[in-house]
Amino acid sequence: MRAGLPAGCRSLLLLLLAAPLSACAHSPSFFQAAGPVAAEQRDLFWIVTALLMLVVLPVFIGLPYVLWRFRQGNRQSDYRPTWDFSWKLEWLVWGVPVVVVAILGVVLWTTTHRLDPYKRLPGKSEVRVQAVALDWKWLFIYPDQHIATVNRLVIPVGRPVHIDLTSDTVMQSLMIPQLGGQIYAMAGMRTQLNLKADRPGSYFGENTQYNGKGFHKQNFETLAVPSAAFDAWAAQTAQGDRPLDRATYARLSQESVIARPISFSAVPAGMFDRIMRKYMYPEHKPVSGPAGDEAMQ
Amino acid sequence: MVHGAWFWLLGRIDLDSFAFVRAWREPSLDRLIAAGAAAMVVLGAIAAFAIITRMRKWRYLWENWFTSLDHKKIGILYIALSGVMLTRAVIEAVLMRMQQAVAVNQPGIVKPEHFGELFSTHGSIMIFFMAMPFLIGLINYVMPLQIGARDVAFPLLNSVSLWMTVGGAVLMMASLVIGKFSTGGWSGYPPYTEMAFNSGVGPDYWIWAVTLSSLGTMMTGINFAVTIYKSRAPGMHLFRMPLFCWTSLCVSILMIFAMPPLTVATALLALDRYLDFHFFTNDLGGNMMNYANLFWLFGHPEVYILILPAFGVYSEVISTFSSKRLYGYRSLVYATMAIAVLSFTVWLHHFFTMGQNADINAFFGVATMTIGIPTGVKVYDWILTMYRGRVRFTVPMLFSIAFIVTFVIGGMSGIMLAVPPLDYVVHNTLFLVAHFHNMLIPGLLYGMIAGYQFWFPKAFGFRLDERWGRIAFGCWVSGFYLAFMPLYVLGAMGMPRRMAGVFQSEYLPWLLVAAVGGFLVLAGLVALFVQLWVSIRRREEASVPVGDPWDARSLEWGIAAPPPEYNFAHIPDIETRDPFYAAKEHGTAYDPPRHYDDIEMPKNSKVGPLLGIAGAACAFGLVWYIWWLAAAAFVAIWGVVIARSFVRDIYKTIPAAEVAREHQRWLSQVAAARGIPRELETTPANQGLAEGAAA
Amino acid sequence: MSADEIKHAGLNLQHADPMTHEKAGAGIFGFWVFLMSDAVLFALLFATYGVMLRGTAGGPVPHEVYEMKSAFIETLILLASSFTFGLASLAMKYEHKQHQLQAWLGVTLLLGLLFIGWEFHDFASMAAKGEVPSRSGYLSAFFALVSTHLLHVTAGCIWAVVMIAKIRTFGLDARVKINVLRLGLFWHFLDIIWVGIFSVVYLQGLA
């Protein structure tokens, strides 16, 4: 058994260091940050890990040492069955965690404020997106471009993206690990998320809050493209002939999994607010009938 | 939907409610698995019934166990219940691991809805019907013995709590056969669990099973707290209590304050579902954020309800098997109390991502980290207990050591999750799943297994097999690391929890490793059952009738194994911490008392089982809209309670002569036994008498 | 008086009946603990009410819903019942006269029933105006809080009936006395909760 512990530690170290890092290199992980938010989160991960080592390493080193030295078979070791207290050690035992937690607390306080998802990111010509959580897909409305997409979020590289979220069904949670996240989307409420992409690419986005049998298929692609390409895409999408009208939205808001992303060429103004407000009062009178009825008025 | 007389009689039950009928109509793999599970429940029940009938044990079970108010028997029944439920939930876990390993770009073996049921029942069972019964059972058995009491303060209430919990567990089992369970997870978040989105029986099963269990637990909390405050032996000051009693006290206080939020959350959800209230609905002014607050106002203290008893076990085990006094006793007590108090100040960290402002998130983040301080203190104190001791690597000790190492890793990931910006990227992913399993498996299950191995000889008079214990240990520990370390990686790779299928091929290797780990954990569970079987067969050579197989320290080891119904022939006077160890050193551990007295003990009562049956029937009626059943059972519950309050003949007296006879028989066993050195404690030479104890 | 002699605070039999008092220790203390747990339950219902207050969904708002006169009368009834229960306790403690105890318990019970009836009347008139729990989150929270109190009062009334039956069956033995003490705690507790409801729900609803 005594050999079991070091062996456990070895495999653990291997698991904790080498393999996972290479795994994260090929996956939608915040370790592969593609934007400033996720990059800070990644750095924070390592800072916290390093600080925690101050508390953890004494245990990993001290425990095997104590077990080996004070095993029953070792008659050379000091045996003091009534020794049960020492003020010096007490200071250490309480002091080390207190100091580490104090430092971590400062780190936590500052980073929580700096990385507040509601905080606008610096940069010019912000892109506004309104995300509506549906079963089992995401609707992204671009209010300034008057277009919308389903399951594909196109954003310009280098420009801040401000996302307003709500839900037209149960609670969901939007995350794009390589850019940052996540925040819940809830019916009748508006939450916010601010992200930015540093480099072009396709990033995996998802809902992380279980919402039924289609949950595992509720993924979307985040396409970060150069700023000019974004404007061109928006203009081209607006040229299409597929408006998001009342009937289309009613169909869309039914439970379903969408096989391929969809683009809508025109979206009525204020649609997001109407989806949100239909659950809120006193602006509106009671809703009867299926959800989504009033969204189009 | 069903109508008319059928509905009046059987509510919304129809043929398709039965798992067997569903599998008959569409024999897919998914439905056959469901029918197989249902068959296991039905056949298991029939087999148990047949065996008991054949062995003519009904009367024995009823009179000696089911109606018994003896805290020791109630404790054992709790743990037996926990074992059954653990088995089911581990099998479900393995099924989920298999599904995720197989369903990479493929449908897998179970359908998404079924997968949803699996993670919901797995979580609900593990928390409410495995962990809670296990720790309540252990406290029930050990705590009164450790404080020198004859029973808990309210023995009947204890039995009622047990049978309420059993009622809830029966409901969980019934959901395998009739109907479908919720897919809303163990936390049952609305609005997903509201009528608008889930109108079936699933969420109702969840609501009533959890409500039964939480009512039982609340009563248990009151019972334990009053026992510790009021029933301690003379001289057993609070600061002379073993640490396990301290953790029990803190846990009971947590139960008293943390169970009402759960009851309120489930009750309001039930009002929404049954009477069209609007607490958590999307429309008409409902607000699900209130549910999240209520649920986690229970949920976070609950984490410490689960973990603190194990901390108590480790304190006893490590001190005993290091042959040394517990280091920093007062420190450990204060740390325990600090954890208990702080546990009420951190619930919001379960939903940092709900859009609160940064000040609120940062406040709760810092509060959460603060819990790390007393927890860290405890870990250091345990290591310092081994320091300058003589450590014996018995099975309970092995689990304790594995706990320290593993728990520290879990604590690290916990601190990470406490940092809101880090939580944003790993919340709701497998990183979170890995984290809480990393806390609860070492911080609860290892502790409970260690306690089970440690106190088993006390409860049954013979030791558990050491070799199979070590095999189980190996499987549990390696299984844990293989099953959950990959989940950290997968979480960091962005894989959400509760995925019925996966479309990222790079997840596959990690999911495969985790599946292997799942099977190892199952092997660990099987090894525990084999250990029990082997030990029962060899109970003669492993018997320890004197009752102190581990040269242990607290009061419970100074009486026979198994202990008499009244625990102590004579309630001891306590003058120190570790009273039994001190008595052994003074050579007074086995001195006969000056005189024996009549002992008054509570008589058996049918009230507990009756309330359990009525409670389960009422809940079943509510789940299926069988209103007559629900109403009748509800009336029956209160009828039984009122009728009981008119019963006056509730005590029996055990005459002093009988106490003396029994005690002297044991003392002669002590005199005949040979004290053994600690090195020989795992050999047949161990009769439960430590070397030099009976000077 | 040493600390050991104080078995429990509040209602007690200390001087009048030391024997029963001695036995009451765990039973009464346990009931206090239960009331603490119950108080948490009510605290959460109050908190929920506070959260849901704005969830009127375009429906009736507090000052339209509440009948202050009725609520005030209910308050007086319940306060009076607490007073009569106090008289019952005193009868038990000093007089040892069963019929006096029974009479005061009976009066308390009648006041309790009156309270229940009055509240049902309130609920009925609210329902007639369409003010039902399914109308809005705010009304849901109101009904949940007030009905939970009402259920407690109902339980208290049933308990009082059982109590009177027990006094008739067993006379004033130790268990009966302890049980009366517990019922007293319960009854006064409900009074306090109602005072909370009256001030938090009704009085603030005026604003």
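In this document, chain identifiers A, B and C correspond to the written order of the chains, with residue numbering beginning at 1 in each.
Just so it is clear, a residue touches a chain if its C-beta (ideal position, glycine included) is under 8 Å from a C-beta of that chain, and two chains touch if they have at least 3 such contacts.
Molecules present, by chain and UniProt name: A = Ubiquinol oxidase subunit 2; B = Cytochrome o ubiquinol oxidase subunit 1; C = Cytochrome bo(3) ubiquinol oxidase subunit 3.
Predicted, not measured: the structure shown is a model, and the values here were computed from it.
Peer 1: For chain A (Ubiquinol oxidase subunit 2), which other chain has the most distant CA centre?
Peer 2: Using the mean of the C-alpha atoms as each chain's centre, the farthest one from chain A (Ubiquinol oxidase subunit 2) is C.
Peer 1: Which chain has the mean of its C-alpha atoms lying nearest to the mean of all protein C-alpha atoms shown?
Peer 2: B
Peer 1: Calculate how many whole Å lie between the centre of chain A (Ubiquinol oxidase subunit 2) and the centre of chain B, each centre taken as the average of the chain's C-alpha atoms.
Peer 2: 33
Peer 1: Please tell me the distance, in whole Å, between the geometric centres of chain B and chain C computed from their C-alpha atoms.
Peer 2: 35
Peer 1: Could you state the distance in Å from the CA-based centre of chain A (Ubiquinol oxidase subunit 2) to that of chain C?
Peer 2: A distance of 48 Å separates the two centres.
Peer 1: In chain C, what residues contact two or more other chains?
Peer 2: In chain C, the residues touching two or more other chains are 55-57, 59, 136.
Peer 1: Indicate the residues of chain B shared as contacts by at least two other chains.
Peer 2: 283-285
Peer 1: Which residues does chain A (Ubiquinol oxidase subunit 2) have that touch at least 2 chains other than itself?
Peer 2: 281, 286
Peer 1: Can you tell me which positions in chain B touch chain A (Ubiquinol oxidase subunit 2) when the two form their complex?
Peer 2: That would be residues 111-113, 116, 183-185, 189, 191-192, 197, 282-285, 288-289, 322-329, 331, 351, 353-355, 357-359, 361-362, 365-366, 369-370, 372-373, 376-377, 379-381, 383-393, 398, 401, 404-405, 408-409, 411-412, 415-416, 418-422, 424-425, 427-429, 470, 474, 477, 481, 485-486, 488-489, 492-494, 496-504, 506-507, 509-510, 678-679 of chain B.
Peer 1: Which positions of chain C touch chain B when the two form their complex?
Peer 2: 25-26, 29-30, 33-34, 36-38, 40-41, 44-45, 48, 51-52, 54-57, 59, 133-138, 140-141, 143-144, 158, 162, 165-166, 169-170, 175, 179
Peer 1: Enumerate the contact residues on chain B facing chain C in the complex.
Peer 2: Contact set of chain B toward chain C: 153-154, 218, 221-223, 225-226, 229-231, 256-257, 259-261, 263-264, 268, 271-272, 275-279, 281, 283-287, 290, 294, 297, 638, 642, 645-646, 648.
Peer 1: Touching chain B in the complex: which residues of chain A (Ubiquinol oxidase subunit 2)?
Peer 2: Of all residues in chain A (Ubiquinol oxidase subunit 2), those touching chain B are 1-2, 4-5, 8-9, 11-12, 15-16, 19-20, 23-24, 26-31, 38, 40-41, 44-45, 48-49, 52, 55-56, 58-60, 62-63, 66-67, 70-72, 77-85, 89-90, 92-94, 96-98, 101, 104-105, 107-109, 111-119, 169-171, 173, 175, 177-178, 180-184, 186-189, 191-192, 204, 206-217, 219, 278-279, 281, 286-287, 291.
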